[in-house]
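After this come two complexes, each holding subunit A, first together with subunit B and then together with subunit C.
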Partner chain A sequence: MDLVLQLLFTGIGIGSVYALVALGFVLIFRATNVVNFAQGEFSMVAAFFMVMFSVKLGLPYWLAFIVSLIGMGVLGAVFNLAVYYPLRHRTYLPVIISTIGASILLANATLAIHGPEPEVLSGWFDTPGFLVGPVYLDSQYLLIIAVTALLVVLQYWFFEHTLLGKKLQATSQDKEMAALLGIPVALMIMVTFVYSAVIGGLAGILVAPVLFVSIHMGATIALKAFAATIIGGFGDVTGAIIGGLALGIIETFGAAYVSVPYKDGFAFLVLVAFLVFRPQGIFGERVAEKA
Partner chain B sequence: MLVTRRLVTAGLAAGIASPALIRSAGAQGATVKIGMVTPMTGAAAESGSFAQTGAKIALEQVNKAGGVLGKPLELVMEDDQTTNPGAVLAFSKLASQPDIVAFLGSIRSTQNHAMAPDMLKIGKPVGFGGTDPNLTKLGNPWLFRFRPNDAYSGKVIAQYGGKELGKKKWAIVHSTDAFGTAGAKALAESLPENGATLALDQGYANQSQDFTPVVLAVRQSGADILGTYFTFETDLGIFARQLRQLGVTIPWVGSPSIVNVSALKLAGPALYNTYGVADYAEDSSEAAKAFGKAYREVRKVAPDNQSSWTYDAVVVLAMAMNKAGTTEPGKVREALLAIRGHKGAEGEYNFDKNGDGLHGYNIVKNEKGDIKFDKRIDFTPNLG
Partner chain C sequence: MSTTATADAGAVRPRIRWGLPAYIVLVAAAIAFAVIAPKTGYILNISLQATTYAIAVLGLTVVLGLCGQINLAQAAFFGLGAYAVGLGQTDYGVNFWVCLLVGTGIAAMFGAILGASTLRLGGHYLAMVTISFQQIVTLVLINWIPVTKGPDGVRAIPRPVLFTDGSAYLALCIGVLGLLGYLVWRLRDTRLGRAMRAVRDNELAAGVAGIDVYRTKVTAFALSAMLGGIGGGLFAGGFAYVSPDQFSFAESVVFLTMVLLGGVASPIGAAIGTGLLIVLPEWLRFLKAIPGLYLAIYGAAVILIVLFMPDGIWGFVRSRLDRFKRPSAVVAVPPLQLAGGGTGAETVLEARDLSKHFGGLKAVDEVDIAVRRGGVHALIGPNGSGKTTTLNVLSGLYKATSGGIILNGRDITTLPPHARTAAGMGRTFQNIRLFRSMTALENVTVGAERPGGPVSGDAAAVVERARAALAFVGLEHRADEVVAGFSYGHQRAIEIARALASDPVLLLLDEPGAGLNSSEKVELRDLLKRISARGLTIMIIDHDMTLVTEVAHHITVLNFGRRIADGTPADVLAHPDVIAAYLGTAPDAAA
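Presenting the complex of A and B:
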């Protein structure tokens, strides 16, 4: 039983990381109908921002955190203007390729500026974790789980109960109609990119104390987060969260009870199963082509 | 000027022929070139930069001592992107330059396996650092290893754990790549002769984000000692932390990555009191100390095996060419095989007929982050 509880905690912890990154995927997909393959790099860049401000420049942790997230907001805006905006009237393919290019650019720019050394970032708390009965609770994972839960609530409130949230939803559902109603579509998409970059950055900063800060940290997480998004149903916020958590738990238990080397295999096996049997994901609606 | 068909044809011919002409001119050129496949991007970019520093220090020393055959030695580097396809591409780029007379392969066994067929085809000596014992048993006469192979590391880990630490029940955790699998196999095979048994053989895929299932398996196995073969320092760092968090405190003897500079930085106190087999240990010999000093002057930090093997490889390749009196591959190969008792940073080089230059390891201990040399265990090679 101890073993199960320990695995469950770890599964939920790592699943929350996937969920956070998946949220960024979903938001941009909803607003623009394209997948942003640079979402993982947002996490990596934010973690390096944090190292720069907190470790190298010695700012207090909370201040470094805020400055890093502001930096991510700016990056999101620039990303929108440089990567998405010039291609907004094209089909989804050039935009996707553009985001892949941006992801390579971000990774290599970080490599060029910082160098290849992985870095250590301390966590929010001085205590790395504590035992509850036989189960070790890593304090950083606890924080990640709490932030994910909080974001779900905040996001629900934001999209359903604020005017800006409703405008964003309208934009994602039908850009032309939204424009006719006087919603500034370009601005709404800009807001989405900024928000997604901040969320991706938040995930990166939260996970950095656990996984260390390295150039390739974003790519590894993003691949799983992408799978989580498909499992949850592309375009669905709750789906992304559930998909991320499910993936974290499945791979942790799969590794413990079936095979460790094939841990990643379980995640992608589930992904393939969903693509075959329920391509719309858990929460997605079946898309029927209109006549 | 009137552009005639003849002029265009002549221009095209010159354009096509000139790179070949420049290359052939270079073959008898002003320098002797060694090609180096090394990670500049990707997961191992950091350790790649250490390797490049080691090679450059050797280059400087060789050139200060008169170079190779009276000409300066030159290094031509290509990025392997820390991937097998990247390594193959990098090697083929270097191999297409006929004026490169010898090569440095990878420290990663899996990449050397990927490049080995092309290395056989090109037929020039290649120094490499991967420790999978199989690499020098491929029947490829051009491969020369500048680190001890894992048949030795397995033996040394088993012997140290059994005889010095008195532990008998092993858990082995290893990467499932060529290096990790071969290392774990060598260690498992060496256990019976040291009166020990295997309680757990646990592989993991590189770049894992979580090791909880692995640590729990170690905890449940009832092992009283842990032996590991980790490829990437970030994996090792995550594993070490989780191992301590979940309360596993049994003695731990790891493959060389456990004392790597990056691993020490990432894992910190989680690696205190662990043991490692290290092909490079600064206090193990005068040559190792001298290299340590030269490296510190450049990088301001202690060197590790990422740089010591490339240093040795460049020095030894230059030495072999000078002894052979030519860069002709067959003669250089014979000169390499004839090397006896060369004291390098990694140890004493005596190449056996398979191309293995080193035949023992140092055991070091992590004492609060400082790597202390404990002892060296050498085996007598069959120099046939």
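Presenting the complex of A and C:
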């Protein structure tokens, strides 16, 4: 029983990271109808920013954190201008291919600049964690869970109760109509990319102390997060969060009770199972193209 | 499809006539060169890699170029073929050829399973699922040590008898590539190839034109995986050693870059892309000194190609060469035969209590329609009255919420669109849906090929029928032009010709007059009268009352999803409910 609780905690922690990255997926998908295959690389790049500013340049942790997130915002803007925006009138296929190209570029440019050695990033708190009853609560995992919960609440408030949020929603539902109503669609898409890069980066920085910082972390996280969005129901924010948490838990228990080397395979098996039996996910929206 | 059939279909494209002998000479020369020319081990390895990779890249030409579906696991399929040849020979002592066959089969099987489970969904799913599959294959290759030997890989993989020498083996690989390249080249103009291209250009229209969209996509995917498997199997024999890192996601991306760079539309593009990306990096070896730089450039290249050279190198060259293409001579064609549904019961189509609800909205509400054989039946009503929804339910794009549809005595209520087309339904769309990158003739040929049609299965007759249908709408002299270049009115005519070519029992026309200018409308009216004079039953939706009253024998009026009138034009147009629906109720004298 103690082990189960312990695993549950870890699962929710790691699942929160997937949920954060999945949120980035969902936001860009809703704004542009395109899946951004470089979403995971945002997390990886942010983690390397953090290593650069905090470990290499010796900035205080909080300052390095802020500078890294600003850097991610800039990256999101550049990404939009170079990878998505010129292709906005083409079908989804060139855009997918273009974001895949960007993902490879980001991962390998980081490798070329930094080199292949993985880095270790310390956590936010000095106290590594504490025991509550039989369960050891890792402080970084607690932080991850707290930040994710906070972001979800903030995001809900932002989309439902602010004008900018409403404009973003309008853009994602019908770009032409939004443009006719005077909403600057290009700017809204830009905001979406910047915001998605920042929360993707946030996820990367938060998870970095738990994993190693390596150029491979982006691809792994992105695949899991994508699986999470499918499990939750594509384009659904709540679904992405529940899907992410579910996946984190499944994976942690799978590694503990089934097999460690195949830990990364569970996500894909769950993904395929969902695609076959319930492609619309838990909070199913339509998946078919409109006639 | 038999060889004679494809040769006849080739007659439509005259340049193939000199193309084939030239191609055979080229491949023979390459084989001879591979055998005779002295070469270092280094050159041999590069050549072997380029040849086997090119086979796998051909797979992407099929799935991405012809069918428009993404496959990011080509390296996994390549690996399945390679491990089958490696493990099969070393661990199980099975003959090379048997191993190659089994490996190809395994790859094709996984391709079909993967495709079957995701191809009903959008392209994003396919992209992610293929990446996932790629990751799983890599995981299994590394971790299932008792079978795959793990990260160490499989060593000392033998080559088949007669081909143990490097040069001979290279010649074999070139021969296989030459053969497969030829098949992929010809695939384009076969029925399957046309179906794939139709699916790529417009899935909805492909279904309505009688193509089983799902099966076409799964077939394309399985073929792609199969070519990956063959390439991988030959690769294993060529290098005698395989390990998991040779078949990673990065390699799938390399395959993708190759096909994009060369041009997805043609096997020539696949060969160009593969050749360049194998040879170029060898010249740029210094890049490999810095890990990552090499792949970073690959990634940037992918973005740049998509942005600036969407058709790849060969696509670019082709567009220059096409300027010199002679227009093909107009062939005399026999007049278009229309069976008009033949004889049978007086009612061709009967819809009973047909309903379609979207959530709480009753877009179509218990509508009865009976279309009489040989007549023109008009379905009219104000905007939003449910006309197009009715048509979509009739042609199978929407599932009916309740009610039944009988076409020519057969219940088609639950059939998918392509099966309804096979049963004799033909239709056009309000917003024209043609296969935009295909020629007028190819578009109409897809219609003529409908299963159950008068000429289905006979390639020559299919093309002749397509020409006849084009001639019927007066466009046979422009048969070989790509439809995107036609005027709006002519595109409409081609869409009608596509439906006519399938010799439907019933032709559904969704606002054929929409967007046409007055002279085009006169042409359309004449066309409709000519079609009707051939005995074909037509059901038409249109807002143009002049057009409707001139051609229709019978009118059904919808308003708010309900049928409010039904009968002869004179009766219906005098009906008070119809006048009210169109013009509003007459004001009370007192008011």
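Definition applied: the second predicted complex is superposed on the first by the 280 of 291 C-alpha atoms of A that agree within 3 Å, B and C clash if a C-alpha of one lies under 4 Å from a C-alpha of the other, contacts with A are read in each partner's own complex, and residues count from 1 in each chain.
In this section, contacts are C-beta pairs under 8 Å (C-beta built on N, C-alpha and C of every residue); 3 or more make two chains touch, one makes a residue touch a chain.
Predicted, not measured: the structure shown is a model, and the values here were computed from it.
Using the contact criterion defined above for the overlaid structures, shared-chain residue A:165 touches neither subunit B nor subunit C, since it reaches no partner. In the superposed pair of complexes, A:10 makes contact with subunit B only, with no contact to subunit C.
With both structures placed on the common chain, the touch criterion links A:215 to subunit B and to subunit C.
With both structures placed on the common chain, the touch criterion links A:108 to subunit B and to subunit C. Contacts of A:116 after superposition: both subunit B and subunit C are touched.
Of the two partner chains placed by superposition, subunit B and subunit C are both touched by A:261.
Of the two partners subunit B and subunit C, it is C that touches the larger number of subunit A residues.
By the touch criterion defined above, A:86 lies against subunit C but remains apart from subunit B after alignment on the C-alpha atoms of chain A. When the two complexes are overlaid on their common chain A, residue A:138 makes contact with subunit B while staying clear of subunit C. Legend: residue contacts after superposition of the two complexes on their common chain; A:73 is shown touching neither subunit B nor subunit C.
When the two complexes are laid over each other on chain A, subunit A has residues 108, 111, 115-116, 215, 261-262, 264 in contact with both subunit B and subunit C. Interface residues of subunit B, counted against subunit A in their complex, comprise 41-43, 45-46, 48-49, 176, 202-205, 207-210, 212-214, 216-217, 220, 233-234, 237-238, 241, 245-247, 262, 265-266, 268. Residue ranges on subunit A touching subunit B, taken from their complex, read 3, 6-7, 10, 14, 17, 108, 111, 115-118, 120, 128-129, 136, 138, 210-212, 214-216, 220-221, 252, 255-256, 260-264.
Contacts from subunit C toward subunit A in the complex involve residues 68, 70, 72, 117-118, 120-125, 127-129, 131-133, 135-136, 139-140, 142-143, 203-204, 249-250, 253, 256, 260, 290-296, 298-303, 306-307, 310, 392, 397-398.
On the side of subunit A, the complex with subunit C involves touching residues 29, 34-35, 37, 82-83, 86-87, 90, 92-94, 96-98, 100-113, 115-116, 215, 219, 223, 226-227, 230, 234, 261-262, 264-265, 267-269, 271-272, 275-276, 279, 287-289, 291.
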